[in-house]
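Please find the structures below.
After this come two complexes, each holding subunit A, first together with subunit B and then together with subunit C.
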Partner chain A sequence: MSATTEKADKPGLAVTTVALLVVVFLQIPVVVVVLAAFSTTSYLTIPPQGWTLQWFAKVLSDPTYLSAIRMSLILAFGSTAISLVLGTAAAYALFRKAIPGSEAITSFLMAPLILPAVVIGVALLQYFSMTGLRGSLFGLLMAHVIITVPYIVRSALASLSGLDLAVEEAARVLGASGFEAFRLVTLPLIAPGLVAGALFAFITSLDNVPVTIFLISASQTTLPVLIFSSVEMGVDPSVAAISTLLIVATGIILLIAERRAGFHRFV
Partner chain B sequence: MSALTFDRLGKAYGETDVVKDVSLTIGEGEFVSLLGPSGCGKTTILRMVAGLVEPSRGRILIGNDDVTSLPPNKRGLGLVFQSYALFPHLTVFENVAFGLRRRKVSGAELDKRVKEALAMVRLAAFGERYPRQLSGGQQQRVAIARALAPHPRVLLFDEPLSNLDAQLRDEMQIELKRLQRGLGITTLFVTHDQGEALSMSDRVGVMAKGVMQQFATPEDIYHRPATGFVASFIGKPNRLSGMIASRDGAGGTVKLGNSLVLPAAKLDQPAGARVDIVIRQEAIGLAAGEAGQGALPGTVALRSFSGARVQYVVKLADDVELVAEAPSSGPDAALPVGSPVALRLDPAAVFAMTPEGERA
Partner chain C sequence: MMKTRTGLMLIAPLALVLAGFFLVPVLMLLPTSFGEYLPGSGMTPGVWTLENYTRIVTDDYYLEVIWRTLGLGLFVTLACLVLGYPLAYLIARGPQSWRVPLILLVVFPMMLNLVVRSFGWIALLTNRGLVNNLLIDLGLISTPLKLMFNLTGLMIGLTHIYLPFMVLMLVAAIQNVPRDVESAAATLGSSRIHVFTSVTLPLSAPGILAGSILVFVLTISALVTPRMLGGPTYKVMATVIYDEYMQLLDWPSGSALSFTLTFMAIAVIWLSSRLTKRWAGMA
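== the complex of A and B ==
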């Protein structure tokens, strides 16, 4: 092999530099927020003046933040669980059965990924006002199901397409009912993909603002919406502290997803 | 006692009939193959028996029970898939135990029967492995053990050997047949490989375009083909177009080209009819030198070596070409192109059938 072809295989210095700058530029806001959370000053500043954990203590003892965290977790767990059941069932039906218009149905289920979230928020606000669901936890949960279900459908479809159709038939012939064949054979085989999809759905629900903000009632709020409104009212490092916690939680979930399920294959 | 019966079984997808009114009866302990080219409907029949495809017409009986409308899990069959379809997330032991657990077999009885089944396919030591840790041939044997463990009423095979290499395939043919004989289990075997079908089966059903062409013993299929399709599908046929020159009882003579007249044992058309003439390569005797009485003179046009046999393309009068073969260790194994040869045809291996002679 000649030196020129070897060189052609590696990215040039310019490309590497640009790529590096892009990564740094994208990550700077995260670094800034995390650093600001440790400042002893009562306003956000970079670099932080001194080091303290008082802002973390403050947010974690503030009932407003705690109730928002609780609300966010209820929504994230609830919508992920519902999406997991509905999305897996939908993907299975779309993949296995001859359903007329299955392509169109798939696109429809995926639409929330493409539609601007604000549009979904406005549309749901209108719909919920008409149906009396406005401000209800149930309505909010359904909204989160709508935005999380595409991730489940997509990862379930990807897992199913890699499956030998005959394994489920083999289970049937060996005496398993249709549901047993699904539970004992298909489900375990697509589980890694579903775990990855569920974690992504969880994160999506956990930090959603644009849809939630339209539908939330005056008495309840979610963590990202609370952060959003706190910033509007004037910023102290407690916002940075809670944001840091959110970043860390998201990071841990992503790490688990990648380790457990080879996450990048599914989303 | 019949173990498996098809009563005017048919399957249509839209307007297309893929299986047309097939009726046959398979006896207890019998090994039956369905043989035919891809798309002939043989796999569809097998899947209808298993309950994976719903018949459009007709009935399927296992023993005396009409199972036509039963779901696959209520039929008590064993099926070995072409892709094996082992459960990749379960160990070999759990794969084999799957059917038994569905029948509520557990504990020591389960353990005993799984080990029995694994011992039958000589994989007793492999229970703790996962399918991906096994070779193709071993996976195949796990699939057989898995199908056998629940003691199915009928064992079904869907081209089970087609993913194995040639040597392993031959070994598995013998192993399978021995296993089937030993257990006395009724078996339906689907294949496109005539060697497999002829060597393993008690009876063979040859299919084309959804129609059963002939259902008979391997000997009858080979020596007494019922239709032109069977004659040209079985063996290594030369297929030529010609005309019936004269009739005499069941046979007569056929004419190829302008002047070449050959005796034929079985003709199904009157003199003067245009027919396809099928002459099995393996039924043509070939010798070097000039042709004597009763032999056809020709010259070697092409020679190809294939291991045990040597194939010659021989040019006869009127540019008619036939493929003939000779043992590669015999005296006629190395005839050069252009050398004169004499061909002797066994009339019993010359079949003349109407063109496109399929039973429809």
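== the complex of A and C ==
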């Protein structure tokens, strides 16, 4: 091959420079929030005027924040677990072509991704007001299942599509029951894809404002909704401190997922 | 082959949850959008009207908000394309060892809480924020630029939020372009730019369309970032819906606007799938 063909599809210096600037642009707000969290002033300043950990101490001793964090974690773990079971079961049945109309059913299962989140929020607000579920943990949990389950169905279907049915049939021939064959053969094979899907589901739940904000009760809020309403009241470094904790947690989760499951293959 | 009964038992739980907590609530919103708003108490019982919808297409305020929402969607999509393509190209065609770190640096902000990212932009863009302070210190401006509560702020914030989605779609698209076609064009004497515009760009067009549709639909549906960076005055469709429900308690108008927004999102997705099918037919 000549030098021209070698060079033809390599990004040049200009493209590389622009691309790296875009990467920097993507990290800017993250860096700003982390720096602001350590400032000694009671308003946001960057670079910080002196360094302190007082905002972290303030946030972590504030019962409002602690109960919001607890609520967010309950919803995220709860809805991810429910979605994982329901979504994997449904995807498996679709994959085995057990019932007719699987394409239409798949579209129905993915529909919550297409509808604007704010519309799902107001629809559930009206529905929960009529049925008395407004502000209940059960209602919130079901709302979070609705918005997280498409990610599980999608990743389960994607993992299953690469699977050879003969492996499971072999297990059946050797005497395993249908469920045993799934649990011992299929499940381990699709596990990495499911982990990636579960991670997306967990983060989607933890991140959600546009549905949750319509459904929470006055006394019990979630962390992103609390930050959202604190910012409307005015910005101070304790918001930056709690945000920094979220940034660190997200970073750690992402690195673990990459080390354990090669996460970048699933995005 | 799995038995139909087993299949039904596996699918039924999820189908029931989706029917009960998604399909029925959305369908029950439909009658509300034809109701009449009664200030203070909600809806006049037994009255059906089209007024909530006619107001959306005739009232100047609603029209301004709708055009602003669509314009914002268009601008943000273009900005994501222009900024995203070089980065996607570098990830797809750059040094192999850069690939995973770059993907992780794109995914990290995407996984990060939306509220946190929007909050970061508030710290950067307010009158006494980092950007204005920097420009004043450099002597480039004397009074702070207005970067928030207007189109500029929303453009910057939303572009940042949806750029990772675009980049990931484009990486997949560029990887699908067969490299021998590019090499062939180059061997036949095409310049680098010509190879790009006549081979790489057209062959990655389906991915460009898919990424653009995704970013456009996400942008016109966005609530959190427009609310945080637009404040209570500079509104888009989603924030008007929010206010009508939470502050004015005007559920009929809010639900009519909700269905208008849903219709716009679905129409865009439907049009693009038609377009993709026609392209596939031509190839």
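Assume the second predicted complex is superposed on the first by the 264 of 267 C-alpha atoms of A that agree within 3 Å, B and C clash if a C-alpha of one lies under 4 Å from a C-alpha of the other, contacts with A are read in each partner's own complex, and residues count from 1 in each chain.
As a convention for this text, a contact is a pair of C-beta atoms (placed from the backbone, for glycine too) under 8 Å apart; a residue touches a chain by one contact, two chains touch by 3 or more.
Keep in mind that what you see is a predicted model, and the values were worked out from it rather than measured.
Enquirer: Sticking to the clash and touch definitions up top, decide whether subunit B and subunit C on subunit A clash or fit.
Expert: Superposition result for subunit B and subunit C: fit.
Enquirer: Considering only the touch criterion stated at the top, classify A:E180 as touching first (subunit B), second (subunit C), both, or neither.
Expert: The answer is first: A:E180 touches subunit B but not subunit C.
Enquirer: In the overlay, answer first, second, both or neither for which of subunit B and subunit C A:A196 touches.
Expert: The answer is neither, since A:A196 touches no partner chain.
Enquirer: Return first, second, both or neither, reflecting whether A:E169 touches subunit B, subunit C, both chains, or no partner chain.
Expert: The answer is first: A:E169 touches subunit B but not subunit C.
Enquirer: Go through the superposed model and pick first if A:I227 touches only subunit B, second if only subunit C, both, or neither.
Expert: second
Enquirer: Who does A:A240 touch here: subunit B (first), subunit C (second), both, or neither?
Expert: A:A240: touches subunit C, not subunit B.
Enquirer: Who contacts more of subunit A, subunit B or subunit C?
Expert: Greater contact footprint in residues on subunit A: C.
Enquirer: Based on the superposed arrangement, let me know which partner A:L140 touches: subunit B (first), subunit C (second), both, or neither?
Expert: In the superposition, A:L140 contacts neither subunit B nor subunit C.
Enquirer: Report for A:A76: first if it touches subunit B alone, second if subunit C alone, otherwise both or neither.
Expert: After superposition on chain A, A:A76 lies in contact with neither partner.
Enquirer: Examine A:L109 and indicate which partner it touches, taking first as subunit B and second as subunit C; both and neither are also allowed.
Expert: A:L109 contacts subunit C only, not subunit B.
Enquirer: With subunit A's C-alpha centre as vertex, what's the angle to subunit B and subunit C, nearest 10 degrees?
Expert: 100
Enquirer: Between subunit B and subunit C, what is the tightest CA to CA spacing in Å in the combined model?
Expert: 7
Enquirer: Across the two complexes, find the residues of subunit A that touch subunit B and also touch subunit C.
Expert: Shared contact residues on subunit A: 178.
Enquirer: Can you list the residues on subunit B that touch subunit A in the complex?
Expert: 50-52, 71-73, 75-79, 81-83, 85-89, 98-99, 102-103, 146-147, 150
Enquirer: Could you list, by residue number, the parts of subunit A that touch subunit C in their complex?
Expert: Subunit A reaches subunit C through residues 1-2, 4-5, 7-12, 15-16, 18-20, 22-23, 25-30, 32-33, 36, 44, 46, 86-87, 89-90, 92-94, 96-99, 105, 108-109, 111-112, 114-120, 122-127, 130, 142-143, 145-146, 149, 153, 178, 203, 206-207, 209-210, 213-214, 224, 227-228, 231-232, 235, 239-240, 243, 246-247, 250-251, 253-254, 258, 263-264, 267.
Enquirer: Quick one: in the complex, what on subunit A touches subunit B?
Expert: 164, 166-167, 169-178, 180, 184-185, 188-189
Enquirer: Residue numbers of subunit C touching subunit A in their complex, please.
Expert: 1-4, 6-8, 10-11, 13-15, 17-18, 20-22, 24-26, 28-29, 32, 83-84, 86-87, 89-91, 93-94, 99-100, 102-109, 111-124, 126, 129-130, 160, 163-164, 168, 179, 182-183, 185-187, 190, 192, 195, 200, 217, 220-221, 223-224, 227-228, 238, 241-242, 245-246, 251, 254-255, 258-259, 261-262, 265-266, 269
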